[in-house]
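The data blocks that follow each hold one structure.
What follows is a pair of complexes built around chain A, which joins chain B in one and chain C in the other.
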Partner chain A sequence: MKIRICLGTCCHLMGGSDLYSYFEEHCEKNGRDFELETPSCLDYCNRADYEAPIVEVDGEIYDRVTVEKFKKILEQG
Partner chain B sequence: MAYITEIEIIKRKILTLLSKKMFEGTLREEIRDISEKISPDRAQPFRCCVYHDREITNDRIKIVLNLDHKKYKNVSWAETYDDFFEGQTDNLPILSVLEEACNGCPQQRYYVTEACQHCLAHPCALNCPKDVITIENGRAKIDQDECIECGLCVKNCPFNAIIQVNRPCENACPVDAIQTDEQGIARIDYDRCILCGRCLTGCPFGAVVERSDMLKVIRELTEGKKLTALLAPSIVAQFSVKATVPELTTALKQIGFDKVYELASYAAITAEQEARELEGKKGKLLSSCCPSWVYYIEKILPDFRENISLTPSPMKVAGADKKSDELLVFIGPCISKKQEAEESNIDYVLTYEELASMLAARDIDVSLCEETVPDMAGDYRGWLFAKSGGLTEAVQNFLAAPEEFDVDKVDGIDSGLERRLGKLVNDVDFIEGMACENGCIGGPCTVTNPRITKKKLADFIEKIR
Partner chain C sequence: MSNFFVEVDHSQIAKHSKQVPGDVFLSKKLDRSDRIVSVLSDGLGSGIKANVLATLTTTISLNLTANSVDIKNTAETIMKTLPECKVRKISYSTFTIIDIDLQKDRVEIMEFDNPGFMLFRDEKRISLDKKKIRMDNPIGASQTLYYVEFNIELGDRLVVFTDGISQAGVGREDFSLGWSEEAIVSTVGRKIAESVNISARDLASFLVKEAYKIDGKKAKDDITTACFYFRRPRRTLLLTGPPVDRDNDYKIKQRVDRFSGKKIICGGTTSNIYSRLADEDIKVNLNSFHKDIPPDSEIQGIDLVTEGILTMSRAIEFLESGEPAVVDPDHPGYKLYDYLKNSDYIKFVVGTKINEVHQNPHIPEDLGLRKNVVKKLAGLLQDKYLKKVDIEYI
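Let's look at the complex of A and B:
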């Protein structure tokens, strides 16, 4: 599972840093096949239909990702 | 630190939209549209309807402008903006309760929960000194009007089925500075308030608000004034988990700052002076660089006033060094520096939240910026100030014989400190006081989880040591 948490300033400010923190604390060492990338701005936050923070999982874009939503995305994957 | 909530997201969205329009010079015309952007027609309202949500957003905006929202209730946005632009200010308190947003949560109450097993013994009722617990349909019931909140029922229930519920703001406040008016609305007792900001982050309705210098700073930047940014040491990782201070320096210059100073260079001066003071005084010294800690001693435990170090905080040292042609903007993690700035020759204070909103508004991704060397670089001992225990380490570094001084620290003021501090002062020579848990990296206006900041700070200090 390839996860990209957008860490552009806008996503970082709207909770992206929490997603990164959650991932570091709970996902990195639990043996599941996660691959984390922390790209600079993925440039979705400026598009009208998307709202920060943005996460991309295996090519699919999720927006307004809270820690709660992030947990669900990771569980389904 | 807890994960951010919708309250912080809304606050940051408002700040970002305000900055964007202020930078673009269209705020006067577009300020009225912000509340609709925050709560669009299709949105699920938080309160009764989107119109109510918008009203509260509008009140928040007026507080950011440092104008009294009640006074400006029926004033047009253009006129409101003009008043702000002409320098009119209502001198709002740094922290206040937005009454319209306050839920008026019930004060300390005891509730019987579903866990009540309707037991035969009912020790809750048996031990109630006022006999206000009755058993109805087998379930205990507390007469709230008569209950004196002694808590004996909680202690005696064998199922822990009775709970005590407090107001979140009161719970969060370590100095008992939250009171309630006749309508049940929270009020801040400014004689006790130490501006720690716990109520700001603790209220789940977002009813505690802070005034801001952000728009004034943007105005100065766009008018080409010479502004110097003073970066507090806890700034590491606040705008991106991978951005560096030199990258941030470029970002700040892009939005118009003339110079960028790492406050850590002034913090090292504070540490050295504090070390000399400790050696001269031969002990019983309380650190002076966290203003909330200083207000705590002054307001709550004034008996220890004379123990507060006379050494100026890094921000005050920077203020004393101010050149006549520059405006100093302190950028930091806390509310209380907004107060300290008024006594320190500092022109403006921005929080990390406010600066991040400004950078987001200008679409600047700090980690993508080139690296620029700051105009004044810090000393690693100054950077240590960012975390709990770091100030002590820096002071010890400057002591001729550090082993002669016993040290301790207060890592976050809590409600029990009032009882403990006397013994603490008695036992040691130097106490580092930090109002926030983890020190400045745990401040109320930080963006990054302190767990991450701590790690990034350690890496950074290791690199420059």
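Let's look at the complex of A and C:
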């Protein structure tokens, strides 16, 4: 599973850092095959139809990702 | 811009059992110009009274020199106003005035009653012809001052001290006349040869500690040394923000390529642009992850790559507070602060494309425009840290 948690200014401020902390604590060590990237801007923060924080999972973009939402995405994936 | 940057610092140990030293050193960079005026004074006696006399002398000399064109006039005025001891007919304080003009790469020095300054070019002491000047003090006693002017060369070091250095060890059999001039010259020369890049602060504190040791770790007088180190300025380029016009993106790489010195990029989009143009990967440095700001990254050829506004704002906080409360060397804001603090000249290249962060209704207003953050940062570096700063908008 390829995960990209945006840690650009906008996403970081809007909760991206919580997503990264959550990932670090819960996902990294549970044996599942995760590939993580933390780009410094995925270029969605400036688009009216998206709202930070942005996460990309296996090529699919999710916006307004809360920790709850993030959990669900990871479970489904 | 001058080819030189002058590092000025001093070190001091007060006379044994005295709380307050009677030697005072003051230095001032004149408002955004290339002139630095410094004064070292030793007040007669020791303790608080000596300190008051020396403070008066340094403050007045500094202000007079700063406001006048001629160091000799300053000296004359001071000689006329210095109180003197009626019994010993000597003035109550000594002074050495150092007037550095970096636009002309020239130094003028006026000495009164302090041990003679020393100029080192590499580890060798350079002797200069000093002009003897006679001036009367208010009770008519003739006093001798020494005046000299010379051109600075890259790597020069000026060492100025009070008699706490030259009289160190007096009373000891092997130092009956104090610490001789030759011995001081060879001690300083050896130290410079050993550590060729030694800072003004370290050299001053080295000399003071040596004298203190000679005094048997009980200073017989106030021991003070000031050092001036004329070196090449440490230059830093800080790029932040994408240009308004995409056609100008190339400027980001061009500015980096043309600059000699440290290179910093603050901003995700800016680093993406650079990475694309330079065809270098960005590697996020997750060790530097801190809750308050995004982590920094690595790009070949760039010394520091960080997020933009939040990181610069943290660096501003650190610079404002002087010494950051939490010194975590991995914190990106601290790294930025550290780079900037250790630079003499900082060139900002600022892209002024409207910041999306600013337009986002969820983001606090006070993060403001990138331009304002940069202005604040640059102002602080210039005014509080006396750095030379340039801002270019692209």
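Here, the second predicted complex is superposed on the first by the 77 of 77 C-alpha atoms of A that agree within 3 Å, B and C clash if a C-alpha of one lies under 4 Å from a C-alpha of the other, contacts with A are read in each partner's own complex, and residues count from 1 in each chain.
Heads up, the rule we're going with is that a contact is a pair of C-beta atoms (placed from the backbone, for glycine too) under 8 Å apart; a residue touches a chain by one contact, two chains touch by 3 or more.
This one's a predicted model, so the numbers in the text were calculated from it and none came from an experiment.
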Superposed partners chain B and chain C on chain A - clash or fit: clash
First (chain B), second (chain C), both or neither touched by A:E25: first
Which of chain B and chain C A:L7 touches, first, second, both or neither: both
Partner chain(s) touched by A:G15 [first = chain B, second = chain C, both, neither]: first
First, second, both or neither for A:V67, with chain B first and chain C second: first
First (chain B), second (chain C), both or neither touched by A:C41: both
Clash with chain C, by chain B stretch, listed 42-50, 114-122 or 258-266: 258-266
Chain A positions touched by chain B in one structure and by chain C in the second: 7-10, 12-14, 17, 20-21, 24, 38, 40-41, 46
Residue ranges of chain A touching chain C (in the complex, touch as defined): 7-10, 12-14, 16-17, 20-21, 24, 37-41, 45-46, 51-52
List of chain C residues in touch with chain A within their complex: 268-269, 271-272, 282, 284, 286, 289, 291, 293-295, 297, 307-310, 356-357, 359-360, 362-363
Interface residues, chain A side, partner chain B - complex: 7-10, 12-15, 17-18, 20-22, 24-25, 38, 40-41, 46, 66-67
Parts of chain B lying in touch with chain A, wherever the complex brings them together: 3-4, 9, 12-13, 16, 239-242, 353, 356-357, 359-360, 363-368, 447-449, 451-452
